[in-house]
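Think of it as A, B, C and D in the order they're written, each chain with its own count starting at 1.
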Amino acid sequence: MSGVFGVYSKDKSVNIAEQIYYGLYALQHRGQQSAGIAVRDKDLIEWHKDKGLVPEVFKSQDLDKLPGDAGIGHVRYSSSGDVSKGNIEPLVLKYISGYMAIAKNGNIINANKLRGKLEADGCMFHTTNDTEVLAALLTKFRISSEHIEDSVEQMVKYIQGSYSIVMITPRFLIGLRDPLGIMPLCIGRINGATYVISSESAAIDAVDGEFIRDVEPGELVLIDSDGIQSRRLFDCKKSSLCIFEHVYFARPDSIVDGASTHDARVNAGRILAKEHPVQADVVIGIPDGGTDMAYGFAQESNIVAPAGLLRNKYVGRAFIAPNQNAREIAVKIKFNPVKTEVKGKRVVLIDDSIVRGTTTKTLVRMLREAGAKEVHLRIGSPPYKYPCYFGVDTSSRGQLLASKNDKETICEWIGADSLEYISYEGIIKAPVNSKVDFCTSCFTGVYPVDIPKEF
Amino acid sequence: MSGVFGVYSKDKSVNIAEQIYYGLYALQHRGQQSAGIAVRDKDLIEWHKDKGLVPEVFKSQDLDKLPGDAGIGHVRYSSSGDVSKGNIEPLVLKYISGYMAIAKNGNIINANKLRGKLEADGCMFHTTNDTEVLAALLTKFRISSEHIEDSVEQMVKYIQGSYSIVMITPRFLIGLRDPLGIMPLCIGRINGATYVISSESAAIDAVDGEFIRDVEPGELVLIDSDGIQSRRLFDCKKSSLCIFEHVYFARPDSIVDGASTHDARVNAGRILAKEHPVQADVVIGIPDGGTDMAYGFAQESNIVAPAGLLRNKYVGRAFIAPNQNAREIAVKIKFNPVKTEVKGKRVVLIDDSIVRGTTTKTLVRMLREAGAKEVHLRIGSPPYKYPCYFGVDTSSRGQLLASKNDKETICEWIGADSLEYISYEGIIKAPVNSKVDFCTSCFTGVYPVDIPKEF
Amino acid sequence: MSGVFGVYSKDKSVNIAEQIYYGLYALQHRGQQSAGIAVRDKDLIEWHKDKGLVPEVFKSQDLDKLPGDAGIGHVRYSSSGDVSKGNIEPLVLKYISGYMAIAKNGNIINANKLRGKLEADGCMFHTTNDTEVLAALLTKFRISSEHIEDSVEQMVKYIQGSYSIVMITPRFLIGLRDPLGIMPLCIGRINGATYVISSESAAIDAVDGEFIRDVEPGELVLIDSDGIQSRRLFDCKKSSLCIFEHVYFARPDSIVDGASTHDARVNAGRILAKEHPVQADVVIGIPDGGTDMAYGFAQESNIVAPAGLLRNKYVGRAFIAPNQNAREIAVKIKFNPVKTEVKGKRVVLIDDSIVRGTTTKTLVRMLREAGAKEVHLRIGSPPYKYPCYFGVDTSSRGQLLASKNDKETICEWIGADSLEYISYEGIIKAPVNSKVDFCTSCFTGVYPVDIPKEF
Amino acid sequence: MSGVFGVYSKDKSVNIAEQIYYGLYALQHRGQQSAGIAVRDKDLIEWHKDKGLVPEVFKSQDLDKLPGDAGIGHVRYSSSGDVSKGNIEPLVLKYISGYMAIAKNGNIINANKLRGKLEADGCMFHTTNDTEVLAALLTKFRISSEHIEDSVEQMVKYIQGSYSIVMITPRFLIGLRDPLGIMPLCIGRINGATYVISSESAAIDAVDGEFIRDVEPGELVLIDSDGIQSRRLFDCKKSSLCIFEHVYFARPDSIVDGASTHDARVNAGRILAKEHPVQADVVIGIPDGGTDMAYGFAQESNIVAPAGLLRNKYVGRAFIAPNQNAREIAVKIKFNPVKTEVKGKRVVLIDDSIVRGTTTKTLVRMLREAGAKEVHLRIGSPPYKYPCYFGVDTSSRGQLLASKNDKETICEWIGADSLEYISYEGIIKAPVNSKVDFCTSCFTGVYPVDIPKEF
């Protein structure tokens, strides 16, 4: 998972790098491993990027060195341990037309195959990042295209997977969303002269911008001093927004493809309460994901939902946990129950999902130690059974608790008094007003595109 | 404001420095400017301290260099701009008995006068920190005392102000709380062999400890292999815990002098709803302080209280805001309303207090821009009119919005439809089960001790 | 200017990264702006590189992360202000055969033209470093070559300029020297199983290796478990080693193409003394370049040559000189005369060259202030009149003092009592036993290859 | 060993911190572990100090934060492994008169005893640095003295050992040298309005100052807007400048107590040649200490003395040498012979001293491997047999090669063809024009003051 953000402005007084900095700050939840900004200044594109959180990577003087009229930024989460410095986006490249910068949220599932073909054609690569494969394709097609948009159109015919892309070329700020619309992307405007492309609408709010619309699945958007041009690259019949954007990834204050993420979570909680009601005294959500769901569950059940589990807001990546019971201590440092809300009570504990279940297991024990009489676990998404190949995590089935264990086994292992999941039908209808359908392959094992055998 | 944490263990397998590290992590909200740990290893005390957050200051190898059987830690918030490196606590000193480490939460209001007297007596100081004055007094009295506790008893006769202190001496882990108990301090135990002294009970939870009891106002606690000794240094008739511990400072999962902070805030919300009810559609608390109050207000009013205002959890000290409207952008980066919960609705906005009011003003505007029909501001503490001399902030009256403006003026300036505060009687009774009375001088101007004229 | 160093070993107990680290340490004088090491471990090449001196860039743990059997390193001096991070060498690339690492000392004068052609062919570039152009050519030619050496042979037909290159491919450690041999490159061996390719022989000494021979102009050397293979890519009639390797660049303890650099400098001093003798009391060389020349001058003149001018060995890049007369203070911090060797004496001051002359001017004044009766300046190379395009510095003629001023003007401006240069014939014969001829274009304006008009 | 530097100026345009920075840069050879500057600005003294070399510790902005009219600086070499941050000088203290800053070169041998007495008197210490003991004494005596100079006079009655001190008080820049003058200290002036106190005269040159005179043994110097005052605190009959200042410590371009260090070393070489002549082809000095001695030896012997052993000027503290034969590799990285000056020749190798002998042993082997026919070792100081208690190093006798081994044994172990030392009489007369006598206790075991039994 990653976050992308692009800005173009006709107004020379707008500080492009600073706007991107604010945008990335607002998208920080989409990636904490690295951050980067690239800004176009006439013919050149300068950049600054490094490992770390946005405020760690960028100091005032770094932004001061990035003047210009258009730029893009990227925050990255990499599941594969340590990210190589060379892989940090945006990638900045020189090609036949001048400089290009490119940043992507998503995963190109046929990247290795394409990379091999390009290498056989005499191409060299600096990174192991599949975004570089996209750049190589664009560069190659550009020599025979009249316009950059033609090159993009050629490129998308070759690539498969999920991708929401922002790019800077010598002329345009570009946004591109894959034909299934697996990853979100939207457009905003600040004061008329400034355009924004962002992974989430909340980041448009952060720069005091106005949300215009989502980029549609398979749509190419080109922005320059003439405003926004659009080209539909595909005749998309079916959209497949990752359902986990509503379950967990996106900020609750974002509107994704028409649906409020906050509302989707509150609704999931309501539906869960209807499907699997509990006689209980208090509903407690596991922050941050479970908070809104707990609120919905509580509303529907007519039970109270206080902030009964505290999350230490200073816990970040840097946490040291040197000894053996480190994992358990890490949970204790991160979460602490409010005893007066738990003691002697029947508790409904709400989480957005269970992946490996170790944190949930520790939390259930902590609630019991704080005096909870009963702990009923309710999960705001169906069992996570199948691996995701579109950018979430490429974990094998083995790590997914629900792929090999049934509900009863999991409930017993976790130590809850009962365990229930929202139904598939339930989660599908939670995001009200959604203009798109959803990719639910992690629940069903049915993928919207063919997955190469190498995975 | 600061946080202190001390650990002593008879069990040699306990990693003292690591326990303090976890404790400080849990107390991080009490101070983000600097952090330090000092650990006693036989005759010596080694330390590590620096500016920054706990996970920034301490790496694994720093903790590895601090073996021993007893230690203390400190996190500091300094209102006076940049903290000098020399002032970072714990202070570690060599004196007649060996090494001493000392860390304090609070403010010695006659420190300058005492410092002058000590200098006239041939004493030199390395820092401008009033904790060093305490150490100098202890050192001086130690040469004529049979026991360290006698020296402490002499010292407390001279010093005035608020102080919750942890110390390491060649023999003891010491805890000391001022006679009015202005700052909190409590004792815990881990597995029998390990004792903990902490500013808040939540930090005892973080090290998987068991809360024993609060240190009482005017009590000196000495811990060594024989267990806990206690000496009452004062015959305290009146206690004066800072009411803002319940309003804002302490974690909601802490129990301070008998009262749950979470419950105190929920109650404050309930009382506020009774005292100043509103016809509204939604109650929204400003995180983090207003969340519990909003829940209480909503319960009492039978209105819903969703998480309608999002706080960016990555916003820390390092935020860059270079240009002129930086202050407003900083608020936008920090907070964002969930539009679907606000649009077309009558909103009750709950905050714990108003100091300068600039953030509140911006938030009210943001809610209106998000479509709120009405915004009624309700504050969970009485007007903050008088400066605090006990460690919160020594701001002059001029900066306190309520010291020169009446409610109507403030309401108009902030742009709310109505503004009401909880009553003095209301906030006093909010912390149920409290075993202590409160210092409310910031509301009343009546201070529990005489304030020197220099202030 | 730069330094390159490569190591291959059949002996698995040899720590390749550590050997390269020592080699780069010994080549540090050839570049202080950045340093990098890339090591091949089976199919992969890992690397570590950054701005800074070798001991700043590499910590023990960085080397520990670079296991393998072959690797290369690079130190870079960039005349063009701040070096971009992306340009730091070695470049590591993935191409049709696997991973490649490449590092270069020299300057490809037709790089821009080649880059343009490659871009027109659909190639993209990540850096502005001309070494990437070489990599792109190799990658392109590799798809139609049977062996990597064939690709190299094709590449060298296209490129013009100076280049001493080390490379790692999936099979070989490669060394390549341009057909004129402008930059030095040599081969060594450690204990039979380990081969070294280095810019200078002194770096082979540093790893306790044995010098085998120089790589010859136009020679391609390929090293693997079968030992050294060689291929002559050109029928070179004329070699053109940069004369400044003997005058200034190379370490005095290196042997370059048969000639001892130390001896060359001592000889230059002797010849200078014969050509332009002075009646004087003491000969003082400006460290480091003038020291050996002063010794030779003194020997020939039968005058003493004490260490009369001290160079502060701690002066590095980090020197702060904030105010207006900073430049002069910088010289004072860097050099100081030994007064007892100067006072009342007629001094011969020896320097290797005059480029801009500002340091020399200050030194002459310092010697006079220290009591020198006369200061006669003798320069161990002919007037530096013409810009160099081969890697030394691409400064325009305007900055070269001798390009626009005659000897008398310069002598007067510098404030010396007399000024003489070694003759062209003199400097040419100074490097005794040299197996190559020299590029002397900076003295003559006659370049060994055609210089593109863009310069 | 350490270096101290102080500046006072009536001229407000003089940047005190910058002058001290340049001075410390010039004194860097006296200490590479830490550096600090403290500057008085009206009533306050601000400071900046850290571990590291001068250019690493101070950036432009650090100096900018230190305005004022008087200041002192310090560079420290600590033999005892890692220096504690608290011990870095200058120490800055608040006492009855205001702020004081103090920095010292030397060693107070009765510091522990004094510290104990002060602690018994109710004093506390922040550091283990004996300079803090001096500050405590001054602070104590100041309360009963009319003037600071009276306090200093009282202090010096109590302290024993070597000390050259610079101090800032609310009124004065102070310089103080111990009654035996063991460590050097001198006074300079820049343009009339600015005074400088420095460990060495070369640092006065570095700030373009004029040497006035040495501070005399037992002299107290006080500088303010009225100029220099002097008070002789002792009737000194015998001075004892550390002979190693001339042998090794001081820069060759310094004049110490009347004698040129460079000349002293050249003379030592001449005397050594007379006392122990060799039939040889070349004289090679081990840089940096042996260079001047080799020149003198060569002059006297009528043999040549080229720069035959190169010292890598980039070798600093940060050198990594991870594996077992690290020590030998470290020597190889640091030194390399110029083969053409060694091969087939009879070499006289000159070093200033032998302490442990391991480097010398490796160098002799390296010269033989480079083809030397004979290697005759000549040492410019008598055998170093007894430990030094005055600041050089408090190494026990066991580490001193000459304390337990006779000349023949050492020669054989090192592998030289012959080994001779300069005589005691020889080294004593080498510093011509010296106005002082010397401490030679490391050669004789006769110490100028009684050494406490604890050592």
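Throughout what follows, a residue touches a chain if its C-beta (ideal position, glycine included) is under 8 Å from a C-beta of that chain, and two chains touch if they have at least 3 such contacts.
No experiment lies behind these values; they were computed from the predicted model shown.
**Q** Could you find the chain whose CA centre sits the greatest distance from that of chain D?
**A** A
**Q** Determine the centre-to-centre distance between chain A and chain D, using the mean Cα coordinates as centres, and give it in whole Å.
**A** 61
**Q** Between chain A and chain C, what's the gap in Å when you average each chain's C-alpha atoms?
**A** One centre to the other, that is 49 Å.
**Q** Suppose each chain is reduced to the average of its Cα coordinates; what separation in Å results between chain A and chain B?
**A** About 36 Å, centre to centre.
**Q** Listing for chain C: what residues touch at least two other chains?
**A** There are none in chain C.
**Q** Kindly provide every pair of chains that touch.
**A** Chain-chain contacts present: A-B, A-C, B-D, C-D.
**Q** Provide the residue numbers of chain D that touch chain C in the complex, in ascending order.
**A** 15, 18, 21-22, 25-26, 28-29, 53-56, 58-60, 63, 202, 205-208, 251-253, 255, 260, 262-263, 266, 288, 291-292, 295, 299, 304, 306-307, 310, 312-316, 318-320, 322-323, 329, 332-333, 336-341
**Q** Quick check on the complex: what are the chain C residues that touch chain A?
**A** 86, 91-96, 100, 115, 119-126, 128, 135-136, 139-143
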